[in-house]
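Take a look at the following structure, please.
For reference, chains read A, B, C, D and E in written order, and residue numbers begin at 1 within each chain.
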Amino acid sequence: MLEIRELNVYFGVIHALKGISLTVNDGEIVTLIGANGAGKTTTLRTISGLIKPKSGTISLDGVDITNLSAKERVKLGISHVPEGRRVFPAMTVLENLELGAYLRKDKQGIASDLKKVYEHFPILYDRRRQSAGTLSGGEQQMLAIGRALMSRPRILFLDEPSMGLAPLLVQEIFNIIKSINESGTTILLVEQNASMALKTADRAYVLETGSIVISGSGEELAQSEEIKKAYLGG
Amino acid sequence: GSGSDSDVIKIGVNYELSKDVATYGQSSVEGIELAIEQINEAGGVNGKKIKLIKYDNESNPSIALTLTTRLMTQDKVVAVLGPATSGAFGSTIPLAMQHKIPIASGSATADGLLVDENGNVKEYAFRICFNDSYQGRAMANFALNNLKKTKAVIIKDNSSDYGKGLAENFKKTFTDNGGTIVAEEAYVKNEVDFNAILTGIKGKDFDVIFIPGYYNEAGLIIKQARAMGIDVPILGADGFDSPELVNLAGEDALNDVYFSNHYSPLDESPVVVDFIESFKKKYNKEPDAFNALGYDLANFVVDGIKRAESLTGKAVKDALEATKDFEGVTGSFSIDENHDPVKALIIIELQNGKQVSTIRAGN
Amino acid sequence: MSKGFNKKAFIKTLALLLAFSVVQLLIRFNIISYYYQDILARVCINIILAVSLNLITGFTGQFSLGHAGFMSIGAYTCALIIERVPTVYGFIAGVILGALLAAFAGFLVGLPTLRLKGDYLAIATLGLSEIIRILFINLDSITNGAAGLYLQRRFVNWFWLYLFTVSTVVLISNFVRSSHGRACISIREDEIAAEAVGINTTKYKVIAFMIGSFFAGVAGAVYASYNYFIEPNLFNFSKSIDILVVVVLGGLGSISGSIMAATVLELISSFLQSVAAIRMVLYAVLLILIMLFRPGGLMGSRELSVAMLTELRKKAIAWLKAMPARAVHAVRSIAKGSGKPGDKSAGKGRVDG
Amino acid sequence: MDQFVQQIINGISLGSIYALIALGYTMVYGIIKLINFAHCDVYMLGAYIGYFCMTILHLDVIPSLLIAMMLCTVVGVLIEKIAYKPLRNATRIAVLITAIGVSLFLEYGTMYFVSAQVRTFPPRIVKSMSAGIKLGNINVTYMQLMIVGVTVLLMVLLQFTVKKTRIGKAMRAVSLDVDAAELMGINVDTTISFTFALGSALAGAAGVLVGLYYNSINPLMGMLPGLKAFVAAVFGGIGIIPGAMIGGYFIGMVETFVSGYGYSMYRDAVVFAILILILIIKPAGLLGRNVREKV
Amino acid sequence: MKLLEVKKLTKSFGGLMAVSNVSMVIDKGELVGLIGPNGAGKTTVFNLITGMYSPSSGTITLFDGEQGKPIQGQKPNKICNAGVARTFQNIRLFRDLTVLDNVRIAMHRSVKYRLLSCFVHSPGYRSEEQRIIDESIELLKIFNLDGKKDELARNLPYGEQRHLEIARALASRPKLLLLDEPAAGMNPAETAQLSEIIRKVRKLFNLTILLIEHDMSLVMKICERIYVLDFGSVIANGSPDEIKSNERVITAYLGEDAIDA
């Protein structure tokens, strides 16, 4: 479904992504793990159009989207839960969610998706009139995911969704990711919590200082000694 | 030996071409440039063309100072014209004294500008406009004696020394001679809404308004006052002189308006007629007081240069000092011992937007 | 270690004295003409203003649009004293008293308004400086109102200018490099974090305002005496903006940047005088272009240092060395008839350097 | 009593003008946190465009107004594209300096072409605009009524646009977080351009209306009301549309009453003093909420 | 010996009771955990203790020996100077300053020279500055950051930024250190490293620590005692083992199978 070839990204002189290639197939959960500063966030931001790559191609369903604007990518079904949540702080929870459906016109669809989000995250319903900036860290994370779901994406990027969440919720979030996936959304997941991520994912890529060093199925990597040592604290 | 070996004579132009009072500077320079054009067309001075070196002092006395230094020491001009406002002009006088190069203004009206604290004239500074006390006194006397009004309201331009000087002198003469000032209001340049002030004074008992300021705002004050039903006579000074006054105030509003001036377009002297005609030709509009004063200023200085024994600052200064019966657009004048012009003042009456009469006024 | 420090200070002092004497000699022998002296004076005054505002806005991060107001207090105080005591002592007293009064005003302004942030603070400072100006207009009996004050003598000469400018720069840069200065900088960076690490942010904001206005007062006093004339309108909103432009153009938080920008802007401004009619238009375009190409100002928040100069020199040498090659290339491509490629690379080199 | 009522009318009509300009400031500020100093010069341009339409093309008021609004829209969008857009990621103060540059450019560019002279509108048009109603001693001109009406109408429309429409939501999102807004599928450039277009159209309309009302325009005419309008916007809580309105009326009223009761010399000082007092009590303006950042 | 006592602390935002009736005692030298679901009010407790918010009601007392001093409602800098330092859940470094400067700023409290002497850089001034630099570098060494002292804080990798924040907090020489989710965004290897560092500085500086964290592997490993917050109230308080097996905590927070770590 998503195919990335030889992506190179620079920040001034910093070569942040060094010719990355990866694919995500329809219906998969793919995870991208790696140490701090490896370039995971940069990869996601490039795919969703927030950063312009120096070279390389990104294609969705065989269509080259490298030069499309972020807006057009959203239209094509990409949705991105950014690092650090990035909710709209001065807007209410409800308004945030509505903005997630900005490009959609089907009122009924939006309403039913809103209901679904509230089912996933009941606390958001309780807080729907509170401004998002005053939510607790975890609440904001839920809001960010909920907001992304509101565009009814075909492929969802999640950048460290478990960061700052209570243990119960971490499990919950991964369950939700699974159920979102099961309901037909393809997922590209960036995580620090590598053990959970590998458990959840069908396939995984390991990123180190801007290059992909290992890839394989989730289980495979979870067993790998190297990975265990570097990322699983084992 | 300023520029004596070249075939041009350089005169500095140091005017307010931008920021707050750009209108005064730009108008003055229009007059100056017209005069110099005519002089050069007529062959210049002793075969030499006059070259203007023009700088913009941004309506800022401090920049005016720098420019005067530049004109006098870098560009080596024989004389400097401007600045237009008293503050800026006054601040450059010490430089004229230091470098011994005359400076002259057509519109720096503040009293005492040209004499030091001991009453000695500052030799290198000249002006060809009335000073504030002259006009202020004249208008106060006119109100008391000719119009027989004794209760005045002053609405002054608080952002200029001109407004302040006129208001002060008017007030002094007026009260000294039995009048009372009912209210003194103020506005700043470029303001357009005077309804509040006018509504405020409307309830008071007064029989004449004096507006020491320029036509830009005065026009609007008159218009708004008349619209409000305030129909007492309105007085002003040479700052009123502009064809724009009619457009701003509207013909219907310009009744019982009197202002002091140097000349009147009703004047049929050939200098005035020629000036108006050639000005219209060059700029496609009617001249105003600043245009006329700028024009006279340039002619006055060039006349001095012509008569000077040499092209040194001192010689030009001496020649300017000796100016007698100079025939200007703004009247014929001589330079007195304080370097002020001695010239007659006329008071123009406006009815229905037209100048209907001029009154020669003394003090 | 501390010996090395002293040596550095010694060399610096020596360099400063040398610079002073050289200019003094050049003025004596008329090599620096009156006009250039005048430019020098203006540059010096602008440096004092910019560096002092930089302390408030650049280092402490408090957006002030009222610097001209503090300046005017120094100017009027000094002018009024000189008017009564027209001697050098009067002048010195004027500068000191002017600066102190300005600092006091800074204190008064600081206390209540510093809980305001960003643009709200800016507007409050703007308002205060306008109030000061209006008071100067209306306190006719003391200030002579809109007509302004004329001074017969100028006390400011190269000696005083140099003394005041160097003192301002040295004192303020010493301050910002001290722990107290770092406290100010931390406010700019993150006020909440600064509070959390024990910085009394209110106190340091007030201190920054007081020091900044003190030197604005000095600048005002020098300005008054230099100009022979002051009027309230000299210290209006646009004057504050002008100072701010210098600070931002130099780089917020860079003292050497402020010094450079004050110099460059004065030179540009006098250079543009020869095209009086459109100078403001050109000035505006230049301003926009500079900001577009160097949004962080000339220096960013860095200071000019030896290392930086060496680097710059290296770049310049490399650039110059490449000149012949470039020239050859240019000639060749012109010979080939492919336009004038030399222009492009030259222009680019300049922007990068 | 009459005088009091008349002063209130004066205050409202002056306040409307400040409010009209302040709306533009506040909109642009709301979205990119920029005090768009050039706004008051677009207002001036609007007045000149209207002037030339009426004097050279001999058009009537309404078509002139529309043309002025259209051209100002273009100017506003161009300014944004050329001068502000490249600085999206620069510090706010850098953009502010650029805005000052643009402002000077417009002022002196205009002055270069039309000189610093004041201009007045053709008498036929001015006459038709200065009719009014007289109730005893109280005067209201149709022009005043029109300005007040237009201001209130625009305020309501703007508020509706920002709060209720899609583009309004996009505007608010962009103002809070550009990247996140882009991720929602919002076209950030278009949204910002739209804001400038709207603000500039308002400025253009205000220019023509005010120019006609006072019948006096000059290249620096934007400076004074621009500054006041900016103060008004801050007073009401910058970025908040009804705030601009309240601020405008407040300043109009204070100015009127201070001048009207004989303190015209201290007028601006009083306005600023009250402003500062209010800000000390309400540091984010009258309607602004002083939200402390959650840490 | 008590160091901090919180009594009946309550904070409401509008209608929302973010913290209600919380009482806790922390003894000198303890390492106490503060855990609870998202939105339970943990960060708010920190904000109340450090003066970022003033409480709606209740008291916070800081002890110096036997002497207790109420600190609630005081300004953050006062509280910091009384000996309480913190880190932030969302890192709040002075991002555009160097690593060294971040630490030096926090040492301001101990600077001995007066305001006036910093204008002229007297000899006393210079030796004091040198002391500040030396001590700062010492501190950075603990976090392995001394090699990066001249880098801008923003350019550090995330994990090192967290470390720097702790170093900065320590620079004010606190008695009580509050850490808000120091391990968030770290991978397990980095978290392990962090727990070492916390142990080390605790010994070195004779610190009392209160720690918010969602990473149970860290919390259970290093905390001696744990408070659990839910909906603004303390629902449990005890040793890690007690907490792990507390039913209420499991249902509200931990989940059934979370304790495998």
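Criterion: a residue touches a chain if its C-beta (ideal position, glycine included) is under 8 Å from a C-beta of that chain, and two chains touch if they have at least 3 such contacts.
As the structure is a prediction and not an experimental result, all values here were calculated from the model.
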Point to revise | Given subunit A and subunit E, the chains that contact each of them | key: D
**Study point:** Chain at maximum distance from subunit D, centres defined as averaged CA atoms
**Key:** E
Study note, to complete from the structure: Most remote chain w.r.t. Subunit A, using mean C-alpha positions, is B
Point to revise | For subunit A paired with subunit B, centre-to-centre distance based on mean C-alpha positions, whole Å | key: 74
Practice item. Compute the distance, rounded to whole Å, between the mean C-alpha positions of subunit A and subunit D. Key: 43
Check your understanding: Quick one: subunit D and subunit E, Cα centre-to-centre, how many Å?
Key -> 48
Practice item. Identify all positions of subunit C at which a residue touches two or more other chains, and write them in rising order. Key: 137, 192, 277, 280
Practice item. Hunt down the residues of subunit D that sit against at least two other chains at once, touch-wise. Key: 108, 111, 265, 268, 295
**Study point:** subunit A, residues touching no fewer than two other chains
**Key:** 134
Study note, to complete from the structure: Full set of chain pairs in contact is A-D, A-E, B-C, B-D, C-D, C-E, D-E
Exercise for review: Could you pull out which subunit B residues touch subunit C in their complex?
Suggested key: 17-20, 54-56, 58, 60-62, 65-67, 69-70, 72-74, 86-88, 90-91, 93-94, 99, 110, 116-117, 158-161, 163-165
Exercise for review: Please name which positions on subunit C make contact with subunit B in the complex.
Suggested key: 33-35, 38-39, 42, 137, 140, 145-148, 150, 152, 154, 223, 227-231, 233-234, 238, 270, 273, 276-277, 279-280
Check your understanding: In their complex, what parts of subunit B are in touch with subunit D?
Key -> 18-20, 22-23, 25-27, 158, 183, 185-188, 190-193, 195-197, 199-200, 202-203, 216, 219-220, 223, 227-229, 244, 247-248, 250-251
Point to revise | Residues of subunit E defined as touching subunit D within the complex | key: 43, 47, 52, 88-90, 92
Review point. Inside the complex, what are the residues of subunit A that reach subunit E?
Key: 35-37, 84, 123, 130, 134-139, 141-142, 160, 163-171, 192-195, 229-234
